[in-house]
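Each of the two complexes below includes subunit A, the first together with subunit B, the second together with subunit C.
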Partner chain A sequence: MLTITDLHARVAGKDILKGVNLAIRPGEIHAIMGPNGSGKSTLAQVLAGREDYEVTQGSVSFAGLDLLALPAEQRARAGLFLGFQYPVEIPGVNNVYLLKAALNAKRTAAGEPEVDAYEFLTLIRQKMKFMQMNESFLTRGVNEGFSGGEKKRNEVLQMLVLEPKLAILDETDSGLDIDALKVVSAGVNSLRHPERAVLLVTHYQRLLDYIVPDHVHVLSGGRIMRSGDKTLAHELERRGYDWVLESQVA
Partner chain B sequence: MSSKSQDVETLLAQKYRHGFVTDIESDSLPPGLDEGVVAAISKKKREPQFLLDWRLKAFRHWLTMQEPTWAQVHYKPIDYQDISYYSAPRAPANAPKSLEEVDPKLLATYAKLGIPLHERARLAGVAVDAVFDSVSVATTFKEKLGKAGVIFCSFSDAVRDHPGLIERYLGSVVPPGDNFFAALNSAVFSDGSFVYVPAGVRCPMELSTYFRINAAKTGQFERTLIIAAEAASVSYLEGCTAPMRDENQLHAAVVELVALDNAQIKYSTVQNWYPGDENGLGGIFNFVTKRGECRGHNSKISWTQVETGSAITWKYPSCILKGDNSTGEFYSVAVANNYQQADTGTKMIHIGRNTKSTIVSKGISAGHAQNTYRGQVKVLPSAEGARNFTQCDSLLMGPDCEAHTFPYMEVRNPTATVEHEASTSKIGEDQLFYCLQRGISAEDAVNMIVSGFCKVVFKELPMEFAVEAQNLLSVSLEGAVG
Partner chain C sequence: MSRVLQSAPPPPSAALRSFAAQWQARPADALTPLREQAMQRFLKLGLPTTHDETWRYTNLRSLAARHFVDAPPMARNEIEPHASLSLIGKADRAASLLMVNGYPTMPVADGLINGIEVYSLREVARLDPGTLLRFLEPLPDPDLQRWTLLNTALYVDGLYLKITGRVPMPLVILHVATGDGADNIAYPRVIIEATAGSSATIIEHHVAQGEHTPLSDSNTHITLGRDAQLEHYAVYATGAGATHFDSLNIRQARDSRCKQFTIVLGGGLVRTGIEAQLSEPGASLDSHALLVGYEARHVDCVNVVTHAAPDTRSAQTARAIASDVSRVIFNSKVIVNAGAVHSQSQQSCRGLLLSPSAEIDTRPQLEIHTDEVKAAHGATVGRLDPNMLFYMLSRGLDRATAQSLLVYAFLADVLTGMSVPSARASIENALIAQLPDSQTLRKFR
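Take a look at the complex of A and B:
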């Protein structure tokens, strides 16, 4: 579904990614872990198509498409979703309005008819219930005045409505208390499907107790230093990131 | 004086010598401005002596005044002797004969705004006499208003039919010598609107210039006077969301509102005059004086404006809060794109006790535009317990535009409460990317973000206007990002 080959990227004149290789097949959940500044978020942003990140080398194919050749909105419509680490507030723009526009943009691109208001409201109420979100959410502005936890729930809600082929979740667990973490994890797990994949970007192994990954990768210094199954996450938790770096050198 | 009236005759005669027939619709005065011209305008309009005297007084005062230079706008000096101060409102010689002759860009904009087909021709200034349905609409409209006792007519008709009201209220809010452009307007104003809502009457419908027959094109020096008598209320809509075809460079209008005891006036404007092209060539200079006086206690005047047009906007709809417990409001969205310059804001003058004012200003700048908020809150010693709340926010799109905020506050009563909030933000790369990542196009994303930014002002507009204003905004900012 996603194949990253020798990806190099820089931001503000600084090389961040220095040859990332990664393959994700349909149905899989991958976790990328790593110390601060290792390039985890950069990788997420580059895949989503943020313009200030300059790809200097390498290629990415996604669902048969040359991902790097597409502008951000087309990547999204093709089924790539990024759950933001810091979801931005857009004052005065209704949450539901944005989400409906997003869904319709995707449907239009796929040649499907737009959803009508009633159909959409039914869908979103059902997903909100699942995410244990308050009704007031329907009338509020996008992330406007949301707590950190509410913002993350909102990201997962959007993901559930948009049903992406590949969801990249950037530190979706940060700032969540344990109850919220369970809800968010249940949301991600509900999306598990043989035709979909998830890439979790996280700093802590805690999330992986709830969303069990098929593969775990350690990113450091702009490269994937080690890959393994879920036990790698436990080992990291026990021995710290330095262990990976040292063992690499050795 | 006799030599003066001779000048008038000469002037008028001159025109006929130039081959103009007696057809009132095609005559105009040659460029230039002196007392003779002022008198000629008054005579053409068969005005009573008091109005001629009033115009001449304004003109003499104007001669002593300097064009203001304090605004954050720049333009080449205007040659006031190079303007024709009287031209018949209808059938300009170079008007397009049919829709085929109208700039297709303009028509495309109308289509985007959802203007009905039959309206597009009228707005584009097509010189056909097909008046569509509007005459019958206007007639029913007049009947309904007449029954309620509301006077709504062109300014000229009001001078003829209600000279007493004109003499009593004209210039009572904006005196003829108030400022350079107001003085000029007072001397040479051509036409405009007049509204009088008698005591206790709630005007049964929104009044719109759209329905005012006989004065479709009031020209560059427009004069509006609205009076709401005791406990009367009225909502007035000025302008139209469609760009108007207009060759006049300088517009200097004056609007006066008077609210007596317990009266309410709501005045909404959507201004979308020609802004000039992408390189800043051409466009209207919109130098307007708008002021309302809450003359009676418990009265209320509310201004809502959406300003997207004109090359230069110089405009400060203001409220004089004279009556005790009176309220003034100003809600504004000002958009400046390409090389547009906007210097706009309001003045709230608190005189009466417990007077309240609210100012919400949203400025959006894109391209190379300059957008300035200039506001004054003045609390006089008599204004015990006065309150003001001001919020002005600026949104910048792109690296080459500028936003400025000049709030002036003068508080001379210690019991007053004055609050001011201001913010400037760039249209966030983060916000834009967030929308793009959800599959929304850049254009839709910008529209969404900007509409969200303006929401508090749009909700003050009458419903159907709000929808059009939103469309207008997206047309005005087309291509501003991405």
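Take a look at the complex of A and C:
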């Protein structure tokens, strides 16, 4: 579904990704872990199409498309979703408007009719209930005045409504208390499907107790230094990132 | 008849000479001594230049060589009915008054519309000049009020609205500017008196019709008595060729509340100014400005609010947008007089630049002559937030839609304060029409 080959990227004149290789097949959940500054978030943003992040080398194919050739909005419509580490507040743009516009953009691109207003509201209410979100969400601006936990729930809600082929969740667990972590994890798990895939970007192993990955990768210095199954995450938790870096040097 | 110019040297520019000629031709009325003072003062001051503090950004040099003549008064039936002339819907049961080049066309015989007493200024000057003199007082800052001086000297007729009860339905004053030549000038004048305990909503809507749009030098004077409440809108929607100088004087008595909206959607050069006095304790003013510059338009808004009594409150919210090669200026000043303790004032000016060639200048100022006041001000000018834009793109919205939604969101603070739903809807419609991708935006309303 997603094949990243020798990806190099630069942010503000600084090389951050230095040859990332990664393949994700439908139905899989991958976790990318790594110390601060290793390039995890950069990878997520580059995949989503952030323009000020410059790709200097490499290729990415997604669902048969040359991902890097597409602008951000077309990547989204093709079924790629980025759950932001720091979802931005957009006062004055209603949450529901944005979500409806997003869903309709996707449907229009797929040649489907726009969603019926009643049908949409029913869908939203159902997903909101699942995410244990307050009704006031319907009338508020995008992430406006939301707590950190509410913002993350909102990201997952958007993901559930848009049903992406590939969801990239950038530190969705950071800043969540244990109850919120369970709700968010349940949301992600509910999306598990043989035709879909998830890429979790996280600093801590904690999230992976709730969303069990098929593959775990350690990103450091802009490269994937080690890959393994879920036990790699436990080992990292026990031995720290230094262990990977040292064993690499050795 | 006393005539100012016979003893004075001839005015230096064609424009001033033409104003003097208009003055010479005006018949005398009960207000002549006051008008003469105003005319003398105006001629002495001359046209504003960029050396004048509040005219720094607006150059009127091109006016000096023009020879202005009075725009023609026109009968009501000569005005073509036009969709854009209707700002608010029938649902709000609003009444409307038509003024053409400043001349009111009275639609009802008894002078009472929606419970508001409506008089022609010409009639009031004839029957009860004392009433008018109360509202044509000397102005505190002639530099700022220069065009008001000229209006005071030269207006021929206008409207006096007296609100004595609680009026639920809005009243619309439709100002139509329509000329018969290139150098017409009109002097619309409106006086609104909200007596103690009364409340009303008045919408002044400025539009143009026909090939030639007269220069408009308009003034509205608002007085709020004790406990009175007024919501006032000034909407400017003339064409690219129009020049408009408008000023608004507001006088507020004890515990009165005024909510004001200045909405500039059109005009080639539009200069607006509020000069407000919170004269007694408890007076409260909320002024909002929505200034939209596009193409090569020039919008200049200068507000001065004076807290002249203790426990008064003012809040100014301005949102400016400039695209193409337009220029938008918003300057506001709050003065807290000695003794006006426990006053509160807020100024929030935000500008959004949508093109590299557009310009926005904003400067909130505070002048405080007493202790124990709460005064806050802030001004920012920037471009669309790239993080917000990327967030929306990453959800699949196309760029034009995302940009339009952000622009719209930027204006929302002002729009949400409007209490007349149909006026808000029409203003939103007119605004959206100026934004990129307006077609898509309409779906989100």
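Going forward, the second predicted complex is superposed on the first by the 250 of 250 C-alpha atoms of A that agree within 3 Å, B and C clash if a C-alpha of one lies under 4 Å from a C-alpha of the other, contacts with A are read in each partner's own complex, and residues count from 1 in each chain.
In this section, a residue touches a chain if its C-beta (ideal position, glycine included) is under 8 Å from a C-beta of that chain, and two chains touch if they have at least 3 such contacts.
Everything numeric in this text was worked out from a predicted model, so none of it was measured.
Subunit B and subunit C, once both complexes are superposed via subunit A, clash. In the superposition on chain A, A:195 contacts neither subunit B nor subunit C. By the touch criterion defined above, A:119 lies against neither subunit B nor subunit C after alignment on the C-alpha atoms of chain A. Judged by the touch definition given at the top, the superposed model places A:229 against neither subunit B nor subunit C. Once the two complexes are laid over each other on the shared chain, residue contacts for A:242 go to neither subunit B nor subunit C.
When the shared chain is aligned, subunit B and subunit C each come close enough to touch A:141.
In the superposition on chain A, A:179 contacts neither subunit B nor subunit C. Superposing on chain A, the segment of subunit B with clashing C-alpha atoms against subunit C, chosen from 27-35, 99-107, 117-125 or 135-143, turns out to be 27-35.
Judged by the document's definition of touching, subunit A residues 48-52, 71-73, 75-77, 81-82, 84, 87-88, 90-93, 97-99, 101-102, 105-106, 109, 141-142, 158, 162 lie at the interface with subunit B and also at the interface with subunit C. Only residues 48-52, 71-73, 75-77, 81-82, 84, 87-88, 90-94, 97-99, 101-102, 105-106, 109, 141-142, 158, 162 of subunit A touch subunit C when the two sit together in their complex.
On the subunit B side of its complex with subunit A, the touching residues are 428-431, 433-442, 444, 448-449, 451-456.
Residues of subunit C touching subunit A in their complex: 385-388, 390-399, 401-402, 405-406, 408-413, 444. Residue ranges on subunit A touching subunit B, taken from their complex, read 48-52, 71-73, 75-77, 81-82, 84, 87-88, 90-93, 97-99, 101-102, 105-106, 109, 141-142, 158, 162.
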